[in-house]
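Going in written order, the chains are labelled A, B and C, and every chain counts its residues from 1.
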Amino acid sequence: MSGAAPAPDDLEGASAGTPAARLAAYVRGGGVVVPVLTAVLAFLAGGLVILVTGHDPFSTYKAIFDGSGLNWLLPWTSSADRPAAALNLQQTLLLTTPLILVGLAVAFAFRCGLFNIGGNGQYLVGVYASVWVGSSFAGMGKLPHILLAVLAGALAGAAWAAIAGVLKATVGAHEVITTIMLNYIALWIGAYLFQLGGPLQSDAQRSVPVSNDVVAGARLPVFWGDPQLQGLHVGIFVSLAALVVFWLVMNRSTIGYEVRAVGLNPEAARYGGMSVARNYALVMAVSGGFAGLAGAMDILGWEFRIATNDINTATQIGFYGIAVALLGRSTALGTGAAALLFGALLSGTSQRNLDPSIFEPELAANLTLIIQGLVILLVSADVIVLGLLRQGRRVVRRSDRGSPTHEVAR
Amino acid sequence: MEVPALELRGITKRFPGGVVANDGVDFDLRRGEIHALLGENGAGKSTLMNVLYGLYRPDAGEMRVDGHRVEITTPSQAIDLGIGMVHQHFMLVPVMTVAENIVLANEPRRGALFDARAASARVRELSERYGLAVDPDATVEDITVGMQQRVEILRALYRGARILVLDEPTAVLTAQEARELFEILESLKADGAAIVFISHKLGEVLEIADRITVLRRGRKVDTVPAEGATEASLARLMVGRDVLMQVEKSPATAAEPMLEVRDLHVRDDRGLEAVAGVSLEVRAGEIVALAGVDGNGQAELVDAITGLRRVESGQVLVGGRDLTGAGARETVRSGVSHIAEDRQRRGLVLGFTLAENLALREYNTPRLSRRGWLSTKRMARRAAALLREYDVRGGEPATLASALSGGNQQKCVVAREIAADPRVLIAAQPTRGLDVGAIEFVHRRLVAERDAGRAILLVSLELEEVRALADRILVVYEGRIAGEFAPDASEEELGLAMTGGRREAA
Amino acid sequence: MSTAVATARPTRTLSARQAGWAGIALGAVAWFIALPPALVRTPAPSLVLAAAAVGGGAWALRGGERRLGWGAIAAGVAGAAGAVAATHSGVGHLRDVVTWSALVAATLRYATPLTFGALGGIVCERSGVINIALEGMMLMGAFFGIFGADLTGSWELGLLVAMIAGGALALVHAFFAITLRADQIVSGTGLNLLALGVTGYVFLDHYGDQGTPDDIPRVPDVSLPGVKSIPFVGDAVGHTNLLTWIALLGVLALWVYLFRTPSGLRLRSVGESPRAAATVGIGVLRTRYLAVVASGVLAALGGAYLSIAFLGSFNQGMTAGRGFIALAAVIFGNWRPGGALAATLLFGFSSALAQRLPTFSESSAVLFQALPYVLTLIAVAGVIGRSRPPAAAGRPYVPE
């Protein structure tokens, strides 16, 4: 018995009631009140941090809001401020694009009761694949080249995550551990590929550890703003389409039906004739595909190249995805809204957008981390909040019927 | 007269929802005695002992240990009073050694360190004194279930227990292990220990006990000396003479065999043989009941037939087609429906709406989806029709299954399984935990489906239900068919076969 | 599981175990003799030794020792490859890279923070609480260690502040994981981001762009006068930081605690079967609280080593994933202090080697850094025998 892999039967039985599955179930409930409350609490706590360190939370948040460009949407913003606001809003939406996708990566896995903590690695391999395809094949037609580069990114992310999915399905290796390991392996692979003398290092700048530039023909078209100033590229539509596809697949397809059944009750899913193991492998692959797509959007939309020292700093995006998915309750609409919130927060606190005379951007970047950390932390425990809400409702319903002692939950 | 080691007077325990698990139960236990607590599942045996062990607070009644009135509110208090419990599900740490498990929380020390050698020695000494041979240094997960039980007994003794409660101790043992356990209990008894032996097996109770207290539906029926009692007299006390359930039905018109099981062998989760060569046949248009006490291989048999569990050897045929090892999906497709034993764990996805739950069997058939896309409209329409037809109350197609009461949840499961138009319907404890109205509904429906020509295998622990519904009764005992009976067989006859008693003639 | 299997095991596997260990040793020797100071310049002897190592591995596999067997085979293959590579490189280069005493010293330097983190991880997970927030706890230690040392002017107080900060973050983890029964992985992820934000914020707010000053009191090295003059040992461990010694002692202490004290026995029982522990009167929730806080304190020491012992400065996010490597070491070492130490030394050695390899080949050196993660991935995949976590890890306990 030592070291032998358990029979698939044991495996699937044991996975019933995994913490992730429980969370996935809870996270779906609660409506819009709990997430809004969670976000408000996190922002209040962030405000407190600003206050105790001797700054003014109101003007700081106002500056971040203006930095995000969301004031462009307000009718009373003066026409003098509008051009700057538009630039800022383009930045916000530029950042929202990958956040939606990595959020979906986490959300999709969550709905199947899996915790994909490997968004970083999947995003990175997506970046590597699409920067390679995008910087090669210079003679190709524009549309096929873009499609090929996008596809390469998504497939690379899918393959990377599928390693964790297959390990989960076959030997029951915990996806949290495997995806963390895959994150760091992806990171070092990147460091290897683009370092000086690395296989994919730039041909033009032999002394800089950076990739080749994505050729002009493979870049995503910019439709709002100046392409020279990081205008908004069409990737945002890809992300929005992904939200729609996610919603359709989740709620209208037999695949989504299976995924949700496995996530909520693997035992009942098995009893209904579904293969739990197959779903785990498939879901991880799709999930990684979303994250890889995020990488492709960034590289083909506005970054165009990746340097080895970006690879270290880029590695928070998978965790942002967790915050997005959790706050968005793993639903399509929620993920979109949460991605916009965090996209605004990220761009509003960036060097480029935040007014340094009010609050130092570098400090604000850490504020963003604090707020995101608090959001995740609070969501992890809103099992309790939800439990209380539900209990409250049950009591109300019972007293409505006028027989309060009749059916007390055990 | 000597003061009893333990005395329970008028213990009453009500659960929320109005269930009275114990109703004024009296029980007394002498030193050097083995006192059996006998009753069917749900008769209130375990509740009574959990009250004694401080896990439940009684609503009325008093307890005396050695003549002194006591209040027991936690297991630690019970332990301090010398009460030791051998749980049905062992409370052991599998990766630790026998000695570590026994001394846990009462460890011998040498300085600040745990004295493993002393622990080992103490355990060895204790095991020799009571004749419970165990290896103190073996790891618990590596030893047999019988050995693990000895570890539980030894732990109670190590903590100075003089009153020992064993909750269905033979349920997990082989015949040989049970024999060894009885020898151990005899020697403990000779040593002056007082032992409560909970069981629903007549034969072993007669063999081991000095006195027998029979519980039925939470009440004490009688306390009788083992001497002079017979399996038949005990079975009568245990089952009682309750009003029979009436289900109107005409004689069956059984046609060709629909479900055939041939010499099936299946292992349980622990790898032990749970189904040991079962052969049975269910014809179209009849209800065959599989009666038996819980844990005699019924669950594994049903899992094997429905493709959820691996078959060791033997065959399962549906409509003449071999489905052995075909898997759950293929079995479902071949026209086998399954009302699962545990509706919350298996039968329903509680976080799904009723429409989604009702689609669990057929979501990928043209009826509800096309080319991989669900038709929510058809799902909702169909759900609405089924909810109406099966009289499910308190929910619409969009209601979450978790919001329904147990009876209505079960109706949903029944509705889904029958709506799939199966040739074979397996109903595993279909009325467990339901109220009278819901029970009646399910019963009538099963008979109607029989009359519609389906082959129905009913697995039930309730003799009344079995007798009311079945056209033929198969009694299962220790993974084998212990006999076939007509529905008019007496409860005594059935009860005997179910509890391993000898059977005169079928 | 039958008794027959259990009783048959010892006699057969004893020799299989020996064969496995011998194989691993032979594989190492095969490589070793091709390096300085032995420097055998022909691969033949190494290849013979490597073949023997593979043979030992195969024997161990037949005896059912999967992890040892594959380990020996891997050691044999790696030894052969290493030896062939070494015999093909110049002697001068080899002498540059392979200075054993320097490699040992560097290995210890890299392993120290990982060891503290792994000790914290073991304590926490052995009690049944998954600790994915080790990274954050180390980071808290790294920043607040240097912050405390700077403010108080004393490294001792710096360490104390670090431990309090790590313990405080752990207390939050405990509150969410144990009392609120939150999903431990999700809350741990949140805490990591929170720690990153909090340390970064306070760091920038207090030190601004200048960074930490240069005159921070540092945890001293321990000079062993007697040892220093011994040729090899002196260079390797003669000048080793105090915290390194504490980490090594900590491994021993934790092993004694877990496996040789009543309290350790109880801690493990809580992590394996909390209900069984509760029925004999052990306070499950209390035990877990203490374990989680202790893990934060230990991890913080690892972080403090980075800032006030090793580098003498702090930069944002300076733990750079070391908490996750520590977690990997916990898993790779099968939740045992000795095993985790072996893992951290292996990971430390791979970092030390990676630092020196660029003399040969820039590119392969970088890939070397991924080794800990690849090995852990293989370990959890069960290819070389499965790592087995405490049975109740990650499951909140609900008292009756």
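By definition in this document, contacts are C-beta pairs under 8 Å (C-beta built on N, C-alpha and C of every residue); 3 or more make two chains touch, one makes a residue touch a chain.
Worth saying up front: this structure is predicted, and the values here are computed from it rather than measured.
S.K.: If each chain is a dot and touching chains are joined, what shape do you get: line, ring, star, complete or other?
M.R.: complete
S.K.: Which two chains are joined by the greatest number of C-beta pairs in contact?
M.R.: Among the chain pairs, A-C has the highest number of C-beta contacts.
S.K.: Taking each chain's centre as the mean of its CA atoms, how far is subunit A from subunit C in angstrom?
M.R.: Their C-alpha centroids are separated by 30 Å.
S.K.: Averaged over CA atoms, how far is the centre of subunit B from the centre of subunit C? Could you give it in whole Å?
M.R.: So the centroids are 47 Å from each other.
S.K.: Do you know which subunit C residues sit against two or more other chains?
M.R.: 1, 5
S.K.: For subunit A, write out the residues touching at least two other chains, lowest number first.
M.R.: none
S.K.: How about subunit A: which of its residues touch subunit C in the complex?
M.R.: 1-3, 5, 19-20, 22-23, 49, 53, 115, 117, 167, 171, 173-174, 176-178, 180-182, 184-185, 187-189, 191-192, 195-199, 312, 316, 319, 322-323, 326, 360, 362-363, 365-381, 383-384
S.K.: Hey, which residues of subunit A end up touching subunit B in the complex?
M.R.: Within the complex, subunit A touches subunit B at residues 7, 9-10, 13, 16, 25, 28, 251-255, 257-258, 260-261, 264-265, 267-275, 407-410.
S.K.: Within the complex, which stretch of subunit C touches subunit B?
M.R.: That would be residues 1-3, 5-6, 256, 260-262, 264-266, 268-269, 272-273, 275-277, 279-282, 391, 400 of subunit C.
S.K.: Hey, which residues of subunit B end up touching subunit C in the complex?
M.R.: 55, 75-76, 79, 87, 91-96, 100-101, 104-107, 109, 112-114, 116, 138, 141-144, 147, 155, 271
S.K.: Inside the complex, what are the residues of subunit C that reach subunit A?
M.R.: Of all residues in subunit C, those touching subunit A are 1, 5, 64, 66-67, 132, 172, 176, 180-187, 189-198, 200-202, 204-205, 316, 320-321, 324-325, 327-328, 331, 362-363, 366-367, 369-370, 372-374, 376-377, 380-382, 385-386, 394-395.
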